[in-house]
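Each in structure tokens, the structures are laid out below.
Look at the two complexes coming up: chain A is in both, with chain B in one and chain C in the other.
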Partner chain A sequence: MKVTGWVGIAAGLLILLSCAAAISALIGASGGAISVSGADFSAIRFTLLQAALSALGSLLIAVPLARALARRRFRGRDLLVTAMGAPFLLPVLVAVLGLLAIWGRNGVLSALMESVGAERLNIYGLTGVVLAHLFFNIPLVTRLLLQGWATIPPEHLRLGQQLGFGPVERFRLIEMPMLRTVLPGAGLLVFLLCISSFAIALTLGGGPRATTLELAIYQAIRFEFDLPRAGTLAMIQTGLCLIVAAVTMLIARPGEARAGMIHPDPFSPPEGRVLDGVVIASVAMFLSGPVLAVILRGAPALLELPYGVVEAAIRSILVALSSAILTVGVGMALSIGLVRMAELRPRLARVFEAAMLLVLVISPFVLATGWFILLRGHVDPFAIALPMVVTINALMALPFALRAFVPAVAMARRTDGRLADMLGLTGYTRLRHVLLPHMRGPAAFAAGLAAALSMGDLGVIALFGSTTTATLPLVMYQLMGAYRMEAAAGAALLLLLLSFGMFAVIDRLGKSHDPV
Partner chain B sequence: MLRTTALFAALAAMPAQAQELVVYTYDSFTADWGAGPQVEALFEAECGCDLTFVGTGDGAAMVARLQLEGAGTDADVVLGLDTNLIQAARETGLFAPAPTDLAVPALPIEWQDDTFVPFDWSYFAFVYETYALDTVPTSFEELAQSDISILIQDPRSSTPGLGLLMWIDALYGDDADQIWSDLADNIVTVTPGWSEAYGLFLEGEAEMVLSYTTSPAYHLIAEEDDGKATAAFEEGHYMQVEVAAALADSDQPDLAAQFLTFLTSAQLQSVLPTTQWMYPAYEAEVPTGFDTLQSPEIALLQSPEVAAERRDAALAIWQDALSQ
Partner chain C sequence: MIRFDGAVLRNGGFSLRADLTVLGPGICAIVGPSGAGKSTLLLALAGFASIGAGRLMIGEQDVTALPPAQRPVSVLFQDHNLFAHLDVAANVSLGLRPDLRLNAAQKSRVQQVLQHTGLQGLSARKPAMLSGGQQQRVAIARALLRDRPVLLLDEAFGALGPGLRREMLTLVRTVAVEQNLTVLMVTHEPEDARAIADHVLFVAQGQVHPPLPTAEFFAAPPRAVADYLGLD
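Let's turn to the complex of A and B:
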């Protein structure tokens, strides 16, 4: 374990160094001078505007939803709460296709609008980008808020009921103080996620009016081969993310969005039942509609998928497995290193762990751009597209892995570690008998997460993918571009099944009976 | 001894059989209904080699793609640039001169270029469904003042998008910002490539799409649908001449040259009108149905040098006007 720990620390340092190298390459490319054109300003403006609207909208809808879910009990409630964790694993492009099927000009709603004589909808641009962000973030915020509601002590509620609080007093005196602590963090988290949104802006953004910074970086590289401009934009993007992340950490500590049962409020007041029902039903429809649309549209096409789609799916599965293995391997070694370091140098360990979390803040796109500039001239960027996708996706899943691994490693050392010391167990034997039993669950969870995220990622691969390295999301994007909607829907359903299937299968491996 | 000789002969023959010519082109060329599959079959029968088309988005992004890949690119030939991009492409220094014995193109303009070989051409125009539009605009000003919804392509990635930029630049020069600001509210979305825009148009996402005067021929001939037409602008239509060129670092220079010659052949040229839905760039038969197409009275085209010179300023105007 000693060796593993050192390997872990070395791997961690290597990650930090390569991120730093990427950033310095970008500074170098931008020439150090930040010259911002009118189009860049509008990209910055649009990035902030859509993120702000998405964050506000998510909060506005999630508060009544979480409130309704917190105080009502009904059949399927736990299922609904669990399902709200699903968008995290849902490939962005699948959601986009589903949203278009409902909200697009040829979607279900447009047809309804036309039948009553109204205009068809046009969601390209700000509307579509915000709509897609709401789709992904309402569930996230709702889960964060439900945890907030769960922290309200039942005694407060009981007391409130004894004092005869009406809905207004109950909200003002009991729920509001909780919301005040949870909402800023949740809002900033959504804002941060929406700032670095690429695939949504790529597919639903509409030209210069609806270009995010990430999309502008992509265009600078793929359309104009303007590396200085890509460098400048990447610096702005990173600066923005760092500022928002710093503010988020200062203002609030958002709770973890974890699955599990959050028990409903035992004091379910009878008033407002209809309203709660309407809120729950309409948001449930908003969230499930697009997924259902993909399933219905994709199912007929699933049996006759073009060969290219099948080939890309196999490639994507390999990418997903590789990045899962990488995440778990590096994550485990790094956690051992961090736990040992915490025993020797607690403060240094905390700084190191915080630095690793920062990786999450640097957008994958920025990293890929930086590495590309570094490697240019040495290797063909299109040839290393897949290894790059694997590495960057593994990195993005690493902070989640660390969050699950570090407590597990610490627990293993605290409990069975002493016994192992007495028995003089070292090396592989110790790893196998002391650590692994504790790691099985967290490792499977992290591997599943990394696999699902890599499976659905359309970021780096859009930048450097080509016909021979196209992953399933990229092929799906190309099919959508060629307006082969049947095949695209089939690919979407396949992608959906693979993402969730991989997560479920791998996560389940961790839960099986362990003979050790 | 004999056996060894045979073995060596087989070994020597193998690379020849596996000879592969990689051609970068835009997506719609490689589509099942595009020219790609037919071109591939015809050329492979002639060369006994393996022709691979690689779709790289739309044409304008191809120059960036080649710069990204640098001299190590897999591409032997690039097909689907146009006159507006020739200068930028030439400046990359990545291209090799074309064979000198090529036929003289039959274009409405005089052609002289030692590197870029024209293979088809047409005029840019807005396509619409005749039943859907009551009044068809006859100029950019009328279009901009109307509430007709249009789909256009990004000039940084797409050759029609760049063509529109140059069209408006040729007509309005430094006053283009007014036209673009007035057009901004007509634009449903700006797509990265022609395929996306045309696909959205066919799905009914807008009333007009930027394409070619020859696009209705596809619907007329392949689909027997005479319901598509193009809006004739009195001020003139900008031309597109599509070109191909060989890369200097190609490991198949002979095959690349052979392919460029093949592009100019009557056999291939006669395939283009009903696959590319463009006019052939050399003397070749044009199918019936093409005579029903709009034939602009005024043809506009800036020289590659002027187009290159105007591009950045025109692009800045476009970006500013459309990002408001």
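Let's turn to the complex of A and C:
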């Protein structure tokens, strides 16, 4: 454990150093001087505009949805709430294809519009980007808000009923105060996520009027070979993310978390039942429609996938497994190191852990750009595309892994650790009998998460990928670009199945043994 | 007077039989093991737990199907009786109008009640700036303003120290007498019952037992009660 702990700390330092190196490479490339062109300004403006609209829209829709879900009981409600966690694992490109199948020029709605003599829809640009962000973030915000609703004491609901609160008073006196504490943080989180969501901007944005900063970085590197410009844009992007993250942390009040899960609100007043039903049904349709479309369109194509898709799928599985192993290995060693450090130097450990969380704020795309610039002179960046994808995705999953591992390691040391000390267990025996039993569940969860996330990633690979290193999302993107929609739908369904399948299988591995 | 007529009270999957009369005005203490259904009994009285069979009369009125706001009942819980973002005056004013639009006469009644419950000078404080005892006083003040004949206390003073609890019980006794209230009070302390209750009723094993006069309840307790009280 001692050695593992040191290895973990060393790995953590290495991660921090390589992030710092990436940032300094970007500063170097930008020439230090920030010269911003008109195109850059419009990228900044579009980035902020779409993120603000996405955040606002997510809140506006999630509040009535969460309210309806909090106070209505119906069959399938719990399933619906659970399903709202799924977009986190859903590959972005799959969602985009699904959204296009519903909202695109050749989508279901366009066909309907045309049949009544109206224009077909065109969602490319701001509309599409915001629509896709709503698709991913409405569920996220809804789940955050449901937790907020669960913090409302049942006594308040009862008092409200006794004192004769109408809907207005109920909202103003009971729900509003809770929303005031939850909404700002939720909105900023969505804003932050939307600032750095490359794949959605790549597929649904584009053109001079709908280019985000990350998309502009991508274009600067891939098409213009303008590294100074890429460096400048990446610095602006990082600055934006840091500011938003800092504000988020400042206003985030530690919630008065009440024990227990989301408890149903037993006081559902009959009024507004129809409206609640309409809200729930329409958002459920908005969210499930694209997924259903992918399944329906992809199923026929699944049996005759082009060879390139199958090959890319195998490559993606290997990438996903590698990054899962990397996440768990580094995560475990680092957690052991952090827990030991916390025993010896608590303050230092806290600083170190916060620094590791900062990695989450640096967008993977910016990191990749920095490393690209660093490595350019030494190796062919396109040749190491896959290791890069593995590393960066493992890094992105690492904060989630740490959040699960650190408490488990601490727990193992507190409980069985004392017994092991007494028995004089050390080294491998100790690792196997003391630590691993506590880590099986969290490790499987983190591995599943890392696998699913890197399976679906279309960020780093778009920057570095080539035909010989194309992963499944990249191949799917190329198929979409070539308007081979049948094959793209087949690839999308395969990607969907692989992402969720891998998560489910790996996560289950952690549960198949007796609980400790 | 409160009467349960062959009633079955439901709370989630739990059910409780109640067939008894509590005479009022006066104070009736409710004792029994934890999880026996004491809170369920009060929730049913206030209209928050459903009555599956039988009926519930308060005074001459059948309230079995009446919504909470229309019942002649006020409740004090152990916790969360106040809205944290409203000041004392507003929390009390809710007893008159949920939309808080009081006229001058109503405002002066609020001040009177605050005075009466020992809260003078605190009307602009937020609940977080009050002690536990003061918070419960605010809730009592609101109940007084609502002026309902039945007051339910669910371990309302359970979180207070012995001295403060005694003080609050005295306040309850005083307002109960002044306003002719029927008070039902769940407590874990037989002491509390001895101090102010006229009757005591026992809840155990899925059933609410009829109340007994306090002296009798403690002098010659039924078998189950003796077990609960740890007497031999």
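Everything below uses one rule, namely that the second predicted complex is superposed on the first by the 503 of 516 C-alpha atoms of A that agree within 3 Å, B and C clash if a C-alpha of one lies under 4 Å from a C-alpha of the other, contacts with A are read in each partner's own complex, and residues count from 1 in each chain.
Rule of thumb we're sticking to: contacts are C-beta pairs under 8 Å (C-beta built on N, C-alpha and C of every residue); 3 or more make two chains touch, one makes a residue touch a chain.
Predicted model only: the values in this text are computed from it and were never measured.
Once the two complexes are overlaid on the shared chain, A:L159 sits against chain C while remaining clear of chain B. Once the two complexes are laid over each other on the shared chain, residue contacts for A:T415 go to neither chain B nor chain C. Contact with chain C, but none with chain B, is seen for A:L173 once the two complexes are overlaid on the shared chain. Contact with neither chain B nor chain C is seen for A:S24 once the two complexes are overlaid on the shared chain. The partner that reaches more residues of chain A, of the two candidates chain B and chain C, is B. Residue ranges on chain C touching chain A, taken from their complex, read 43, 46-48, 67-69, 71, 73-75, 77, 79-81, 83-86, 94-95, 98-99, 146. Contacts from chain A toward chain B in the complex involve residues 37-39, 42-43, 46, 104-106, 122, 124-125, 206-209, 211, 219, 221-225, 376-377, 380-382, 466-467, 478, 481-483, 485. Interface residues of chain A, counted against chain C in their complex, comprise 153, 155-156, 158-159, 161-166, 168-169, 173-174, 177, 267. Taken together, the chain B residues at the contact with chain A in this complex read 27-28, 31, 54-57, 60-61, 63-65, 67-70, 72, 149, 154, 156-157, 184, 187-193, 195-196, 198-200, 202-205, 316, 318-320, 322-324.
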